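Encoded as structure tokens, the structure appears first; notes follow it.
Labels A, B, C, D and E are assigned to the chains in the order they are written; within every chain, residues are numbered from 1.
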Amino acid sequence: MEKKNKSSIVNIKSSIIDDIKSRFEITDIVHRRDNMTFVTCEKQKTIALITHMKTNLGFKHFVLLTAVDWIEDGKFQLTYILNNPKQKLDIAVRTMISREEATMETAHKLWKQIATYQRELKEMFGIDFPGSPRVDENFILEGWNDIPPYRRDFDTKVYAEETFFPRPGRKTNDPAEYMKKNLHK
Amino acid sequence: MSATMRKIGARVAGRYGIPFYQPWINIIKLYSLRDSITHGVMFYLGPIFRVSGGVGIFLFMPLIFASQHFSNFSFAGDLVLIMYFQFFGMLGMALGAGEGGHPHSAIGISRGLSQFTTIEVPMTLAVISIAIQYNTLSISEIVAAQQGGILHWTLFTNPFATVAAMLSLLGAFGHSPFNLVKAPNEIPIGPPTEYHSSFLGVLRTNAAILHVIEAVLFMNLFFGGAGNWFELIVKSFFIYFWSVFVGIVFPRFRIEQSVQWFLKIPLLLGVIAIIIFM
Amino acid sequence: MAIKDILTPFTAWKKVFREPVTVKDPLNDRPGAERYRGFHKNELKTCIGCGSCEEICENEAIDLVAVKGYDTKDGDSGLRPMVDYGRCCWCALCVDVCTTGSLTLSNEYTWVAEDPEEFRFVPGAENKEWDNNELGWKKPTPNYEFYGQKRQTMEELHPEERDHSFIEMIKGYSKEQAQLEADRCVECGICIATCPANMGIPEYIKAVREDDMEYGLKVLYETNPLPEICGRICTHKCETVCSVGHNGEPLSIRWLKRYIADQVESADYKRILGTDGIENNGKTVAVIGSGPAGLSAAHYLSLLGYKVTIFEQFAQAGGMMRYGIPEYRLPYNQIDKDIDYILSLGVDIKYNTRIGKDITLSELRDKYDAVFAGTGLHLGRSTGIPGTDHENVYQAIELLNKITEGKEIHVAEKIVVIGGGNVAMDITRSLARLQNQKYGRVQMIATALESEENLPADVEEVLEAREEKAIVNAGWGPKEIEIKDGKIKGLHVVKCLSIFDAEGRFNPKFDEDNKNFFEADMVVESIGQGMDINYITEDIKAELKFGPRGRITVDENIQSDAKWLFVGGDIIQGPDVIHGIANGHKAAYGIDNFLKNK
Amino acid sequence: MKEQKNIFNRQPDRSKYPAKKKNGKLDIDLSSGKFVKLWHGPNHPGVTGNMAIELTLSGDEIVDAKTHVGYLHRGFEKLMERRLWIQCFPTCIRMCVAEPDYNEYLLAKSAEELSGIEVPEMAEWLRTLVLEMARLQSLLRTVPGQAGTLSLGIGVQWGVYLRDLVLDLFEELTGGRVYHMYIIPGGVRGLLPDGFKKRMEEVLGKIDEFVKNIENLMFNNIVFKKRTKGVGYIKPSWVNKYGIVGPNARAAGFKRDVRKDYPYLVYDKLDFDITHETDSDIFARSMIRKKELVLTLDLIRQIMAKMPKKGDIKAQTPNVLHWKIPAGETYVRSESSRGEYGFYTVSDGSTKPRRINLRGPSYTHAVVLLEKLLINANIADVHSIMVSLQTCPPEIER
Amino acid sequence: MTNENKNHEKFLHEENKIREVKAPDGSIIKVDPLNDYFLDDRPEIKKPKTNKIVEKFLNWSRAESLWVLGFGTGCGSIEIPPLMTPRFDAFRFGVAMRPTPRQSNVFIISGYLAVKTLKRVIRSYEQMQGPKYVLALGSCTINGGMYWDSYNTINRLDHFIPVDVYVAGCMPRPEALLAGFMKLKERIKAGRGEGANEYAEKFDWYKANQKKIINDWNMPDYNW
């Protein structure tokens, strides 16, 4: 493969970005590195965008799908990262879905492993993907009766303390308070 | 015996291997385990059959040629009897393990039985050809016929039979290319999955006896018996070593591959052996 | 079915004859590598219990516990880390973050036990067998630190610019310089106990880091009403004890304090500190002297709702801060900024009223519910060597007062200053500036009894004095001022061997034959100040108790034996500003509960 | 490209296979006695790590397989949201046991990229060295491991012994045996100990000799060839459909290697070419891994030769106890011995990461691909197919 | 493993639910699979034999041939292969790996235990025979190790199965593991290796702890 210099990658990327921008309205484009960009697109258009990228923009390799929990503004951010092995480019598509009724239409037809990602997100975040194969089988946790663990309002330290049996007899004290107690009342 | 084999195997791998008295300790420990759960009568009888098979062979096998008390009960038709006992032991194992109820043992048994039958075919052919060659069915006579010098061994008088038998020996001992019965990686340990503590102890003792006796059997049939104790040990050691020699360096056949392999070369040799002496 | 495929595997058999590679006796002939991360060791002597190892450990495997034989003292919290091997993951981050470098890992790795409780121990205290093998993980060497070891350099005026003017020398931190410096703090809190006023130092350093000046100011004012002044001239004991200082340069806490105060405009002090609408509880308190002690007492008393009136003998408030310290170290507008805020709390001040002359102490006793005396040390002390009565021999204090009031003072061609403290340095550098202005050259000699290393003045003071071409010649005892036909020729000095005798009392020993002569035509003595408490009349003096060197003894909330009289500041304790502020703070609460249950 | 070559080269009679129900589920009525459900469960000596495969067998042919994971789930991403950035450093290593160094490097790289820290040049070289040594010790376990699945035991013994020698070298360089905790955000934690190069050369010599032995033992071994040729065949078209990466993709003829396509650290200063094979079955995959092994040896030698002598090892990062990384997100990838290994990191400007997600190659290999490959494979080959894909279960459920 | 676990119904697979079956003679039989599958009798306490000499000899044999169950539960199981291979050959000390719990009597818990694995571990432990010993590796078994605050890993192992020997280290080295084996041998020879009896005595306490953690008691549904 001939060595691609920096500028050629950048202008290929910008051409792709413009192509996407023309078709779907995408907001806050962040260029992380010269071969990596993050793009936000609203919920209904995402799957269409991804299919478009897969079919005629050459983004054949699906890297990962994950969710980020922005609990402050009540949003889940779903990130689809796609990679174009020929141009050696990565584009990540972000969509914001509301935290309460967290559903997203399934994309398992595009790549086979998306079904597994969606299964994990269903179990860990509680985001429902109706129609995705085997989505409601328990994938990792068995006999889990609390809220989905990866949500930020689930406090794992408190849960660990009550369910499992921490070893008693450990007491630590803060140097400042300790000195305050001893040296100056 | 098996300990020394494992020690040699270990040496190839570059490590010291187990101390030679280890198998005895294992057996003692197995008997020392406190509780054991039985899965019904048949489960209990399995090892008993197995041991009786092994002991049976031991009884009727002439160990030292022409010495009085060591040729123990060898009579005319003992060759057939020994073949029967061999198969009897295998059957006992199959019945007992089947009762165990673990899927792995079920698969192990189906494999063991199919492999054993395919081994029997070339083995019996070789044995028949020797019987024809010396026209007798008693081992002691066969041994007598082979006395006097290495050239008289059946190895040279009837090479095809020996080679067929030796190849089938590989299957009998269950070393690497054909150790489908125990198959450590695919199905954890095959038939004896459910066996433990005293039952396993019985199985283990039998396994030790069986391997030694089969080596002795092959020695008598093909390598001219043994004049004294030392010769017996050396010869059986080398026969046993042959299967280990091949086993260490070859991975395992799949069940249909091993069955198919047996039916090809060893069967052919067996048939030739018979034709020669027909 | 290539024949080769069948036969080549057998080549493996050649390994049988090769020597097996098993480790003969694995238990004790395979020590860990030289850098292996094994079990913890800790020299309990150098460890100061700062807790930064506990802070960085993500498994909370380290607790700080008291250990027998190590009690809390200045600069050491007396706690030692106890490691729980049911949690530790041997990442050695605690070793890398350890400020004193006392915690290291040995390369021992075998510890087998039947009872799980056994796996918790204080490294170094329970003598484990790996305590003394020195192989093991230490902090990686070439410039590898988790926090900056070097200080942010503070730019100052170059000696040439500053030695002829009185403008302020230290310019103060810029925004990102302050944040970089504040970022170095490991928030261990050891400095809090050392600071006489127990200021919440990690708190306000965190405020600088998060650029939240208002919160910073609130923290400052909790314990110190004079941040601008303290930010410039504090003797910063906290920096000597800062845990970062053990392996690198300590944090510049004083300059950070000054940075916060500089950022906030005095206009919105009131809004931030929320101190405008304090209802008055009717009681009145009199404060004598508007030095640091007086001002701090006045500030906290007015916060508690008392009506405070301050009586100041000079024309302006500030006491020693204004009249004792030259302007290049502490500009007067900064003093006014702090004082005006305190006055704005409803404190009224009467200038040029000297207690004992205009009003007597007993009058105050009757008119006010309680009296706080913070008059400070204003009288210069003389060495009493022959020739001190000559008119060209002055006391440092008077000269400094005159400089502050802007009066003209006699500046000779060559001057000798006797004394080695901060005040001596101040007078030396002020006179050097005046010499520069008058003659364009500096001929100053400062001599002191103490030898070079243990000069009482701050190190940087001596350094800056030398930069301004003043000669500091330490270790000489003044013998006699030689006067010839009415003019001072110079000062005879002789080598001083020791200052204090065995019991610690002050009687210096001299080596007579090692003489020296400093030629000068003006001599300034600055060997410490005395207090003038003659305003305390005899009948009140009877009620009081006096400690060594004439200082009034007070109990822990600064109350003298005459219950209504509270005494604080330099006249009872410590030479510096922060002690004064601390006394004022305690006195306020002392007065408060004294008046409550009177 | 050979179609799947069945030993009996006749199509297995479909009669005994369950028909597909409407919703894609196979109607296996277990009580019909035709099928056996078998758990290739977590307690299987062959499974590398803990992963259970629920197999439905008819006779010796596997009809349906379902992978069950979750036996090693410790909720890393949840734990890391509660820890400072420097505290994530020892935690994130434990995600994958076979190759801990890639986790360290990726966390350090994402922290540096988000906060814009430049790593000194010597640290870059040391990091590449450590990553290549990690690949070496992982391959030393998996190349002979493939033969181990077919009970050719001695190959594994040699391999693990040599891996142990590499671990000793790690111990000298980094202070840890398997978990090295060496690549810290900002740089590395120590220079080469003296005499390291000589000892490294010794070990590499032993490994060369080992590669020759393995060639004799495995690659021209009639039974090994019979057992692996034509088994576990991955169609090239699946590579994109299933997101197959690393040696498995290269065995199917795709020239994809993160070290070449997106050069990171000092890989652009090393000259090497991507290994690749054409017929993508178990034999080809183990051949690819042997070539990778040889390639890694050569790379390590190049690194040792070209490495600068001295240089400082750590850039000056802000005080780690309260290090606030500016808000932002990034995806950083590297090439582990199993394929593309990436961290997706999101930071919200506080001292703790908002989200760190690991994209492991086994995520697709072990779950979706394995289930596809196991259909109508023989029960004896389940284990060798799994090892040929080099699955590492902790990566799947983290 | 009775059926009355509080939130049990939610996780019951259909084939394990209690159901009525029409018997050939027309009567209705109530089938409760979970009870029928697992015999609920308590393990009896088997006291060692009376006379000392035989017991000492048996203990010696038990110590010399330790058969380890090959179930790598945690991350420490990467240190077990080096144990079995040329570098730290544990075969010399009579240690052998056995695939099935039936035949093994040492159980190496090699690190953290996820809840799902804990269920399999308990089931394997109960299947093991006679005098059985547990070797706990790493800090995760002592007090939770690095995953002390994880919602899916247990903190203290001795609440679920009786543990004989602990080996310290976050993934203890093979040498430390061998030292662990030596310690285990010592403990067995001294006759203190009575984990099985202890499990029987405090059966209810162990079961209560286990029930508190594990909610889904379904066992893989073998169909025969």
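By definition in this document, contacts are C-beta pairs under 8 Å (C-beta built on N, C-alpha and C of every residue); 3 or more make two chains touch, one makes a residue touch a chain.
Note that the coordinates shown come from a computational prediction; the quantities given were computed from them, not determined experimentally.
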Set of chains whose contacts include both chain D and chain A: C, E
Innermost chain, taking as reference the mean of every protein Cα atom displayed: D
Chain centre separation (chain A, chain C; CA means) in Å: 51
Where chain A and chain B are represented by their mean Cα positions, the distance between them in whole Å: 60
Rounded Å distance, chain B centre to chain D centre (Cα mean): 42
Multi-chain contact sites of chain B, meaning residues that touch two or more partners: 10, 12-16, 103, 184, 188, 248-250
Shared interface positions of chain A, touching two or more other chains: 141-142, 149, 154, 156-157, 167
Set of chain E residues in contact with two or more other chains: 85-87, 89, 92, 99, 116, 142-144, 146, 148-153, 156, 170, 173, 222
Which pairs of chains touch, using the document's own definition: A-C, A-D, A-E, B-C, B-D, B-E, C-D, C-E, D-E
List of chain C residues in touch with chain B within their complex: 9-10, 12-13, 15-16, 18, 20-22
Complex contact set, residues of chain B against chain D: 9, 12-15, 103-104, 106-107, 176-177, 179-180, 183-188, 248-257, 260
Chain E partner contacts - residues on chain C that touch it in the complex: 20-23, 26-27, 30, 39, 58-61, 84-90, 109-114, 116, 119
Touch list for chain E against partner chain C, complex: 86-89, 92, 139, 141-146, 148, 156, 158, 163-170, 172-176, 178-180, 182-183, 187, 192
Chain D to chain E touching residues, read off their complex: 30-31, 35-37, 39, 41-45, 49-50, 54, 70-75, 78-79, 82, 90-91, 94, 97-98, 141, 156-158, 160-161, 163-164, 167, 177-179, 394
